[in-house]
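In structure tokens below, several structures.
Both complexes below contain chain A, partnered by chain B and then by chain C.
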Partner chain A sequence: MAETAEANVNEIAAAAHGEHAAAGAEKYASGSEYIGHHLNFLTYGKRADGQLGLAHTVEEANAMGFWSIHVDTMGISALLGLIFLGVFLLVSRKATSGVPGGLQNAVEFVVEMVQNSIKNTFHGKCDFLGPVALTVFCWILLMNLMDLVPVDMIPGAVQIAAGNPHLFFKAVPTTDVNITIGFSLSVFILILYYSIKNKGIGGFVGELTLQPFGKWAIPLNIVMELPAFLAKPVSLALRLFGNLFAGEVIFLVIGLMGYWQLPLALPWAIFHILVIPLQAYLFMMLTIVYINQAHQHH
Partner chain B sequence: MNLNATIIGQIIAFFAFAWFCQALVWPPIVNALSDRQKKIADGLEAASRAGKDLELAQERATDMLREAKTHAAGIIDQANKRANQIVDEAKDKAREEGVRIKAGAQAEIEQQVSQAREHLRHQVAVLVVAGAEKILQSTVDAKAHGELLNKLAASL
Partner chain C sequence: METIFAYTLLAAALIFGICGAGTAIAFGILGGKLIESSARQPELAPRLQTQFFLIAGFVDVISIIGVGMAMFFIFVQPFHV
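So, the complex of A and B:
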């Protein structure tokens, strides 16, 4: 599915680019090469020669298989997570119940928003849910915000710093499906943990097999319930990935248009400002909803 | 679009961050929030209580003011009464004094009148004697006719 999307994007980019080399993409032979280059990751893994190292080409990266890691998205993801925790830790060290300062005010606004979302949606008792929801929201929000940094800025800076103008570097972690799947699997693990903790293995398995039609239709029940259950992490991951990937590709297409990108990038960025917190909020809300379901007995 | 170990890295990072958040970040902020909520609730309650107190105090002040006014009016009444009384007393005294002074003057006048009458009487007696002497061309012995003269004087 993603490959088809990429192919479409390449066609669009080629059409937009035409015969002329775009100002922001002079070192690429064509628009599709420009976009294609920006959609690849800086991959670290075991190379064909048996040594650990960075992949230099797409083929090399593909050949590394599962046991490789995207250094760019993973690194920026970790960096943003640390920034989030650093800021919040700084505030929590000095948290006062008196008149809050500007930063504390901002942090409290977010924390209260998370608390209210939990209060309205979650009807169990779980001390871990607050921190999880806060981490999910802030971290994903920061990752999504990387989308507003002009598309060539961070990769360009990294390429100059590394002295390699053809280095792959992707700056927006949530446009990497691995990162979003990492999030959704983390949530899935929490769902499994709380389901089994609250309902017992029997209760959890029973929920998947004994309803809606009772014990004489177990196979039918499994066919109905299991996909719904497994769809949760898949939909979580792909919704976030799809929204941000699409936004990123549009930014790349706009980036091809030379000086025309200036009037086009701004409105798209403004529109994208809506998508960025919305997707972060949605991910957080669905996390709360799913963990709430793991606490409810049927 | 390879699926690779980035997923595992992300899961590990997620749980590490979430745990860190739960251990160090979440509790102080949430505590500060609930503390402030309590403080604000207390403050609002105190404010409404103070408002009620103010209302009561104002009522009491109005009551006291009214009482003071009544009291003051009473005092003024009493003072007026007392003043009238004093004026009346002074009038009475003055009248009495006048009456007394008048009586004294009357007595003095009467005394002087009687004195003058006495004096006149003596003079009349002398005149009569002198007149009689002229008529009789002789002295009248005052001693010999004193009794007669005195009777005459007394009858005047």
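So, the complex of A and C:
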């Protein structure tokens, strides 16, 4: 009974997509299954039989619960982080004061852009902010850029390499909400640290409780200030995740259309070239703005 | 099951529509104000553009989260009987 209902839903979903399952997608029963398959992670954790290993189905991955790890997200983000560090290290080792080469030019452009953003918005003294902003920008930019790789290319290569055509693999780390929340929680910890360091615990608590209505309306002040404070990391994480997730799903829908995907994927990719650096830039700017707020005395 | 899926699609359509309308109005106002103020003070245009992109990020956050959730509802189908 359950299976037939599932099959019906897939038929409806397939009908909603028009004709489906062409070119790269023929091994999936329907368009909905193709997209659902591409939205699952390669999860490693403790299986039901007590062994550590990879989950083979969605139910198995869900049953692993909290103590499991998304191997694809972690692997690709770590790889991109190493690429970022390696390129910047290489350039800084070989930097010349003469006419810079192409790579040095690009790195200098990025560093100067981050430096100018900090100079324009940050009015405190903090040696740690420059490296944080640079890392946030470059790392998120690289992770977002994985979105421009055709949707089946990296998962397909991994499936062939692993010899398992039904392996889950998700190539864009920022479409995993765990990564974006990890980023925003790190920024949140920095905000807490610098708030307490610069204002003292009293000043920080006072900022949350004594504004905007003075000390006779402390409960009202808490109700007004605390959600705004806690909304910072949530909106930071969900903005990045939402943009990239929506973009990825639209790439997947385009990927369902057989040969029609060629004229459709190109304009969407070109539009996405705007979104990708914009989101990385926004994340960096908001990090700077929030840490600047943590430095300001009232 | 079909009923749940149909209602999910309906909800997703509502989310898309209302999100689109909200952001369209917001971006209309925002872009209009940007052009207006750039025309008044052209020397401030580069700074205003930076601010514009920053605020554009604030403007589209709720709607893009909504669109992401709608896509999640359609394709992952988290609702079962």
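Heads up, the rule we're going with is that the second predicted complex is superposed on the first by the 279 of 298 C-alpha atoms of A that agree within 3 Å, B and C clash if a C-alpha of one lies under 4 Å from a C-alpha of the other, contacts with A are read in each partner's own complex, and residues count from 1 in each chain.
Everything that follows uses one rule, which is that contacts are C-beta pairs under 8 Å (C-beta built on N, C-alpha and C of every residue); 3 or more make two chains touch, one makes a residue touch a chain.
It should be emphasised that the depicted structure is a prediction, and the values quoted were computed from it without experimental measurement.
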Chain A residues touched - chain C or chain B, whichever exceeds: B
Which of chain B and chain C A:76 touches, first, second, both or neither: neither
Partner chain in contact with A:131 - chain B first, chain C second, else both or neither: first
Touching partner for A:210 - first (chain B), second (chain C), both, neither: neither
Partner chain in contact with A:140 - chain B first, chain C second, else both or neither: neither
Residues of chain A at both interfaces, chain B in one complex, chain C in the other: 6
Touch list for chain A against partner chain B, complex: 2-3, 6, 43, 45, 61-62, 64-70, 73-74, 77-78, 81, 84-85, 88-89, 91-93, 95-98, 100, 104, 107-108, 111-112, 115, 127-128, 130-132, 134-135, 139, 176-179, 181-183, 185-186, 189
Residues of chain C touching chain A in the complex: 1-2, 5-6, 9, 47, 50, 53-54, 56-57, 60-61, 64-69, 71-72, 74-77
Interface residues, chain B side, partner chain A - complex: 1-11, 13-15, 17-22, 24-33, 35-36, 39
Complex contact set, residues of chain A against chain C: 5-6, 8-9, 12-13, 16, 32, 35-36, 39, 120, 235, 238-239, 241-243, 245-246, 249-250, 252, 278-279, 281-282, 285-286
